[in-house]
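Chains here go by letter, A, B, C and D, matching the order in which they are written, and residues are numbered from 1 within each.
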Amino acid sequence: MNTARVEAFADGVFAIAATLLILNVDTQIADDVPDLGEKLLHIWPSYLAYAVSFVTIGIMWVNHHTVMSQLEKVDRRFLVATVGLLMCIAFVPFPTRLVAENIRGDNAEPAALAYGFTMVATAIMFNITWFYASRGKRLLRTDADPAVVSGLSRSYLPGPWIYLAATLIAFASPVASVVCFLTIALFYVVESSIFGSNDPAA
Amino acid sequence: MNTARVEAFADGVFAIAATLLILNVDTQIADDVPDLGEKLLHIWPSYLAYAVSFVTIGIMWVNHHTVMSQLEKVDRRFLVATVGLLMCIAFVPFPTRLVAENIRGDNAEPAALAYGFTMVATAIMFNITWFYASRGKRLLRTDADPAVVSGLSRSYLPGPWIYLAATLIAFASPVASVVCFLTIALFYVVESSIFGSNDPAA
Amino acid sequence: MNTARVEAFADGVFAIAATLLILNVDTQIADDVPDLGEKLLHIWPSYLAYAVSFVTIGIMWVNHHTVMSQLEKVDRRFLVATVGLLMCIAFVPFPTRLVAENIRGDNAEPAALAYGFTMVATAIMFNITWFYASRGKRLLRTDADPAVVSGLSRSYLPGPWIYLAATLIAFASPVASVVCFLTIALFYVVESSIFGSNDPAA
Amino acid sequence: MNTARVEAFADGVFAIAATLLILNVDTQIADDVPDLGEKLLHIWPSYLAYAVSFVTIGIMWVNHHTVMSQLEKVDRRFLVATVGLLMCIAFVPFPTRLVAENIRGDNAEPAALAYGFTMVATAIMFNITWFYASRGKRLLRTDADPAVVSGLSRSYLPGPWIYLAATLIAFASPVASVVCFLTIALFYVVESSIFGSNDPAA
């Protein structure tokens, strides 16, 4: 199988997972709401959660293509790892909803933990996928850009630890933990806005 | 990343957002309706809302490809802007349902406002995406068609203002506001039906 | 825009509309069913409706690609017609559910009518799309196969009338009407099984 | 129609069916759960069912591309068989939910049977699709790899029987049956992890 077919399937999962996020907002509004205006303002965490998860999945999609652009070919092990990675990404809408609905109540801690551990698992799968492909240049293109390759390795390695730290904060303060997730997403957007115009990996 | 991959992901989000609109109609019919025929006629705003939003997303899809057809390449900033644009488009099914369910009741105003501000945000993101790409010919193809480029710039700039005006009408009359949204969608269909056969941008 | 991009968007809508059909089956089973085995047998119309609509959408997908394979280019009018066609196809899961849930009860007639009129509208949009493209060879490839072109014209023209006839039968007998829809879908499968191996349009 | 278009549609159905699986987990959590943490631990079968079905659909996606990579062309019969195959795959989320929700209760047997028979039907459709294409080299590429072709034939033939055996075990013990489904999915992952790096079919 060539890399184009893997990208097509992955693009589908990324696009669907991101688009399904709106269902989380949708279920917040019952059929007969007495005061819709007030309700629409009240569920602001759902909009924020929608935006954060959409941007996070969008950034992961950009990263996934950066990885694929450096590969010459794929083998079955890589495909199995990719399925595992996509399984994590397709899971994201579920904890997103949990956080949106519970961050202001008594269940904020388990909601933040569910979101955080999903992100940790996703970051681990990104590392497995990338290092399986790049270790010993196993699947890399012969003309793979060394700067991009080492840049990816450098940026992926701390991912699970950063998300784990943000997750564990939930035991002390779920709100602080969620602010960290928000900050991580914002960081990628801001970083891309500042450095993105001459990024060779894009 | 080349433009083809961006189009593949965007096509996915456009197609899913449009297809999910049917779920809004679907939830209008409970499992046990005494008189289904009467109910199916009663929910006509849901069909209209389905059609208007489907056509609106369809027109946006056509526009997005017109933009992409003029680009030589993309960079990370453009990708981040695209993720923001798709985030707005994937949001459309939610306010569509609000309008369909509430336009005949006491909550018509907030429903129309929610739809309108979503459209304003989408139009703004279209402008950001396009002007980032075209300002100083940053990402344009060397053989980009000047007529198409200036045509896009001319047609995108008033978009947010037109939708903002239609939205603000909701404070006076939500129904009038929704009629404006309907008219804007119809305008694009009629305009394409009259002028569309020799449009170089298609 | 070239034909490949239209196909990518259309493929997305076809694939999503078909895959969403399973949600109709899913909602038939509540969270706490006393006797799941009995219930799973009882909802057999849902499986049949799933199969008929999935096959119908699948056949439409095959037909749509036969059309696209004969086109050299597309223009904006054709794109607007395609959006209208896809709007009908994405609508199919809704009346499918209505038929599945109501064919055995008092609401069988409006359910069958809803399904039938959706099919009539879809068949009309197929005709509009095809005859706009083929009239005067407007969008056809210079090497378009005359046999395929006239075959498409011949097979599309009676479509709306056949579905209209099957729909109107619902006023006399909704079950007979649904059996007609089933027979039309079966006809295409059997026809393809017998004649399909040397079909130049495939 | 060339093989690329079939793959695009199939990729869509595979990606959507896999991504919709998360909705099964989502519906397990009502809007107001007293103790979310306990509930999230209690629904562990839903996570397991999500993972097993996601991996199963992922493996089927890999297999489908292995099949397509050996084909020169497709005809209408093959397309009809493919629609039938995709109809089975898009069905998978439904029995997955049944198993996840009922494996610990009185309805475990019908749930396991529903899952099993869906898998049997899917395996049968894989055989029909493959043997229609490969019998007498009907649709094979002239340079199709004989090792891959005979490998596919060898690995597909026992599929329906293995799943049928695992399904029938449900009459004695639904849990044992589900453990078999889990083992089959795990087998493919482990097999790919051990032998996958030099697999010519990937």
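Keep in mind that, in the parts below, a contact is a pair of C-beta atoms (placed from the backbone, for glycine too) under 8 Å apart; a residue touches a chain by one contact, two chains touch by 3 or more.
Source: prediction; values computed, not measured.
Look at the contact of chain C with chain D and you find different residues on each copy: under half of the numbers used there are shared. Rotating chain A by 90 degrees superposes its CA atoms on those of chain B, with the angle stated to the nearest 5. The distance from the centre of chain C to the centre of chain D, with each centre set as the mean of the Cα atoms, comes to 25 Å. Per-chain Cα centroids separate chain B from chain D by 36 Å. Within chain D, the positions touching two or more other chains are listed as 8, 12, 16, 20, 23.
Of all residues in chain B, those touching chain A in their complex are 1, 5, 8-9, 12-13, 16-17, 20, 23, 27, 74-77, 79-80, 83-84, 86-87, 90-91, 93-94, 97-98, 101-102, 107, 109-111, 113-114, 138.
Touching chain C in their complex are the following residues of chain B: 7-8, 11-12, 14-16, 18-23, 25-26, 29, 31, 33, 35-37, 40, 50-51, 54-55, 58-59, 61-62, 65-66, 69, 189, 192-193, 195-199, 201-202.
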